[in-house]
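Please find the structures below.
Paired with chain B in one complex and with chain C in the other, chain A is shared by the two complexes that follow.
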Partner chain A sequence: MNPQLDENQGLLQLQLHHNLWAFVQLIESGEKERLMELLRERLIECGWKDEMKALCRQFVKKKGSNNVTVDDLIHVITPRGRASIPDSIKAELLQRIRTFLVSAAP
Partner chain B sequence: MSNEDNLSPHAQGLSLQLSSHFFGDLLDSIIVDVASECHRIARLGLDRNLEEEEEEMRLSAQARLRVADPSNSSEANGKYIVDIFGQNHPSVASEIFECMNCGRSVMAGKFAPHLEKCMGKGRKARLKVTRSSTAAQNRNSRGSPASAYSPYSNSTSSNRLSNGTSSVAGEEYSNGAFEDP
Partner chain C sequence: MSSAAKIGHGHPRINGHILPQPCPHLAEFRSRNGSKPFRALQDCLRVKPPGGGAAIRRDPDEVARCGMCGDAARPRLYACVACAAVSCHAPPEPSHAAAHAESMPPGHEIAVDVDRAELFCCACRDQVYDRDFDAAVVLAQTSASKLGANSSSSSSTSAIRFQHPENLRKRRRVDYRPWVPDLRERALVGNGSVPLGSSDSSSDFPRGLRGLNNLGNTCFMNSVLQALLHTPPLRNYFLSDRHNRYFCREKNGVSNTNRRNGANSDVNGKIRNCLACDMDDIFSAVFSGDRTPYSPAKFLFSWWQHAANLASYEQQDAHEFFISMLDGIHEKVDKDRGKPQNPGNGDCCIAHRVFSGILRSDVMCMACGFTSTTYDPCVDISLDLEPTQGGSAKMASTKSLHPCNGEADCLNSRHNCGTSTLLGCLDRFTRPERLGSDQKFFCQQCQVRQESLKQMSIRKLPLVSCFHIKRFEHSSVRKMSRKVDRYLQFPISLDMAPYLSSSILRSRFGNRIFPFDGVEPDTSNDLSSEFELFAVVTHSGKLDAGHYVTYLRLCNQWYKCDDAWITQVNESIVRAAQGYMMFYVQKMLYYKASEKQVAG
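Let's look at the complex of A and B:
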C-alpha cells in the first residue's frame, strides 16, 4: 500500500480489498449457495414464485408456446420480480450477507 | 453477532452497498431459474393441466369461504348437509344398480342389507337356502326333471306319454294332457 495516500483513501482501499476478498470467500465457502437456497425457499413460501409463474403463463398464452424464449421470460418477470420482494425477506437476506461480509477476514 | 460497529462509516456504507449488490445477484439468478423452468414447462406443454388446477384452486377457495360463512351451517339446511363445494348429499345413496350376486336391481344405500340376505348371512337367508336345497333333493329323487320343458325329453318318452303308462314324466302328464302326435 502506498503510504503517501491520504489516510481516508487508504482506509477506503483497505476496506475495498477487504470486501473483494469477502466476495471471493462468499463463493468459495459455499455461503453463496446457502444464501441462494434460503432466498429460494422464502420466495416460494410467500407466493412470489407462483406469481412469477403466472406472469410467464400469461405471456406464453399470448405469444404462443413455440415462440417463447428464456430471454423473453426473464424480461417478463424481472421488473415485477425485483419490485415485489417482501421487505422482511429482503431484510433477512441482507442481514445475513452483511454479517458474513463483516466477519470474513482478508 | 455482527462486528459492524467496529467499522468506520465508510466501511459500513460499503458493506451495505455490497450486500445489496449480492442480494441483487442472488435474486437475478433465481429469476433466471424461474424463467428457465417456465420456458421448459411451456415448451413441453406441461401447463395444459395448470388451467384445470387453477380452476380447482379457485373453486376450493370459494368453497372454503362458504364453509367459513356461518349462515351455511348444516343445521340451517335441515336434513341435507352442504359440503364445501356446495353440493347436497341425500342421507341414503339413491343410485340404482344390479346386484352381482342375484341380479336384482338394488339401491346403493340399501345394498349392504340386501347382500346380507342375498349371500346368506342373515337368519332368513339361511332358511331360504335350506328350503331351496331340499326342493332340489326332492326333484332329484323322482329320477327325472319335473319341468315340461326339459331338454332331455325325446321321442321315446313322448310315445310313452301317449300311453299314459309312463312313470317317467311324473304326475303332470298322467291325465293325458298331451295329444297324440
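Let's look at the complex of A and C:
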C-alpha cells in the first residue's frame, strides 16, 4: 500500500467533489442564470448574435425554409459560434465564475 | 419549418411576413382545447427585467430540470403544455421531450421552451407558431414594461405605445397608373418640344454623362455633383422643369439687365443666389448632349456664398459639401414658400423630398423598463467602420464571419477573411447599445438618472438613401486626424427591411407572429424597402492629399467619373473601390427610370 498514492487519490476525490458541488451551487443559486444574461448582453454588443443570425439566414436561403428545423440550424451554427466567441468575453465570464466560487465556498 | 408544416405559394401574410401553418399536432391541440387554448399560459409567463424577454415563471429557488434525466444544465428545456412535465431536447443526445410525447397519450406533443417562451412540437421536433400564444406573450411583456417600478403612473409609456412623429400624415397609397397622352396632350407635347438631335459620335455613352472640370481641388464637389446629377428623382425633377430658373429669378426681382450680364443680383444690386437655379443650369448643360467637360464655376461661387466658412481652394470633405448643398437648396426654396416646413415630411423642398428619412431612437431605462422614443429627420446615415482589433471587447475583424447580401459571388471562403460590410455597419447601427455609467439618462418614471439601453431604427425610408462611411477621424483630444482605409464591401441590391422600426421592435419580442396592433405599420410596404445602388463616391489617398472619384451606374453599366474624364468600367472595379458615400434609390423608382430609354 502506497500512502503517497492514497493521499493523491484522496485529494483528487476531494477536488472532484468540490467541482461537482460548485457546479451544482452555480445552478441552484441562480448564478448561472445571471451569467447567462450577462453573456447574452456581451454577445449582442460585440455583434456575435448578428453574425449567427446571418449564418442562419444564409442556411435557410440555401435549403429553403420548408426544409429546415431548429435542430438543423443549431447543428450548423454551433461549431462556428463556439469558435468565434471573443477571448475577452470568455475571460470575463471565467473571472465572474471564479469570484462566485470563492465567495460561495463552504 | 419542418416538412410537416409546408408553406406553399400565396400563403397568408401578416404585415408582409409569411404566416407559418400549424403542424398537425398543433392544429389538433387547438381544436381539442377550445377557443383560447393558451389563455392559461399567460399566468405562467414571467418577464425578465427590464424590458426583457418572456420565460416560464419559476419560483426564485426553483431550477428547471429534465424530468427524465434530472439534468438542469441542458440548453433547451421544454415544458409540456398539457401536463407541465419538463423535458430536455438537445440533439444528438436522445430527446427526452420527444420521448415524453411518445410515451403519453395523444395531446402531449406541444411544449414551451422554458427560457424563451416559444412553442415546440416534440413529435415534429421543430418550432411551431401560434397567434394566440404569441398574443399572450406579447401582452405579458407589454404589461410588465408598463408596471415597472411604480405601477400607477398614467404617463408611463410601454414599449408598445408610440408617439406619432409630427407631420407624418399617413398617405394613402395610390396605385401607379401609366399615363398615355390623349390627342390634345399629344399635340401640346409636339408643339412645345423639339426632338433631341440624332446620336452624336460618342453615342456609346448614355445622355447626361459629362465630365466636370476641376477648378482647383474641387473634386469633392464634382464627385457629389455627378452623383446628384444621376439621382433619379432629382434628375427627373430638374429635367421636367420643376424648378425653372427664369421664373425663380423673376420672382426674386432679378433685373433684366443684371440677368443678361449673368449676375444674380436683383434691382438693388444685391446678390440673390439660388442653389437650385444653379443646379438647374448644370442639369441643362450636362444633359444637353455636349460632351466637352463642363466647368461648374457659377455653382461653386454660389455655394461659397452659402457656406462662407468653406469658401477656399482647399480640399473639402465631400460629405460636408453634400449636406451643405442640400441645406442650401432647402433654405432658399423654403424661404420662398413663406411658412417653414418640417423637413421630416419632405414637403419643404426637392432636396428633402428625395433624401429625407426619419430615424427613431428608443432609450430604455435599465432599472424600470420605461422607454422614451424620439423621432428625428435625417438626410443620410453616417456609419462607423468597425473598430480595429485590440481596442475593445468588440469582435476582432479576423474572427468575424460577415454575411453578404445574397450576392452570387459570395462563397463560404469569403466569410473567414473578416471583411467589413455595409450590412454589418447597419447591423451595428441598429443594435441595442448600453449607455455607460457616464452617460446616464434621466428616466421619467424613476425620476433619476439611470443606466439605459439605446437603440436606433429607421421609421421612414427616404426615396434615396445615402450612406456615409466615417473614414475621417478627427480627435480633438489627441489633436490629430486620420483616415481609415479599411475596405468596406457594399451590395448592389439592398433590402432595408430588417432596419425598419417595425422589424427592430418586433425582434424585441422574440420569434412571434402575432401582429400586435401597437406596432405602427410603416408607410412603406415590402417593395419599397428594396434599394438599388446607382452611385458610389470614393476617396483615395491620404487625409490631406486625396482624390474623390464617382462611379455611376446607368442602364446597368458602370462609368467612372474622374473630374473631366469619364470612362466605362467593369463592375468588379467598383466593388473593389473604397466606398465613402454610397447612394441607393428605391427599386420601384429605379426600374421605372432605367427601363426608359433616354430619347436620342
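Everything that follows uses one rule, which is that the second predicted complex is superposed on the first by the 97 of 106 C-alpha atoms of A that agree within 3 Å, B and C clash if a C-alpha of one lies under 4 Å from a C-alpha of the other, contacts with A are read in each partner's own complex, and residues count from 1 in each chain.
Note that a residue touches a chain if its C-beta (ideal position, glycine included) is under 8 Å from a C-beta of that chain, and two chains touch if they have at least 3 such contacts.
None of the values given here were measured: they were computed from a predicted structure.
In the superposition on chain A, A:Ile27 contacts chain C only, with no contact to chain B.
In the superposition on chain A, contact is made by A:Cys46 with chain C only, not with chain B. Counting residues of chain A touched by each partner, chain B versus chain C, the larger count belongs to B. In the superposition on chain A, contact is made by A:Ile97 with chain B only, not with chain C. Once the two complexes are laid over each other on the shared chain, residue contacts for A:Ser84 go to chain C alone; chain B is not touched. Contacts of A:Gln58 after superposition on the shared chain: chain C is touched, whereas chain B is not.
Using the contact criterion defined above for the overlaid structures, shared-chain residue A:Val68 touches chain B and also reaches chain C. Judged by the document's definition of touching, chain A residues 23, 32, 57, 65-66, 68-70, 74 lie at the interface with chain B and also at the interface with chain C.
Against chain A, the residues of chain C that register as touching in their complex are 1-3, 5-7, 48, 60-61, 63, 72-73, 91, 120, 125-127, 393-396, 399-403, 406, 423-424, 427-428, 431-434. Across the complex, chain A meets chain C through its residues 23, 27-28, 30, 32, 37, 41-42, 44-48, 50-51, 54-55, 57-58, 61, 65-71, 74-75, 80, 84, 86, 88-89, 92. Touching chain A in their complex are the following residues of chain B: 1-4, 7-8, 10-11, 14-16, 18-20, 22-24, 26-39, 42-43, 45, 47, 50. Interface residues of chain A, counted against chain B in their complex, comprise 8, 11-12, 15-16, 18-19, 22-23, 26, 32, 35-36, 39-40, 43, 49, 52-53, 56-57, 60, 65-66, 68-70, 73-74, 76-78, 81-82, 85, 90, 93-94, 97-99, 101-103.
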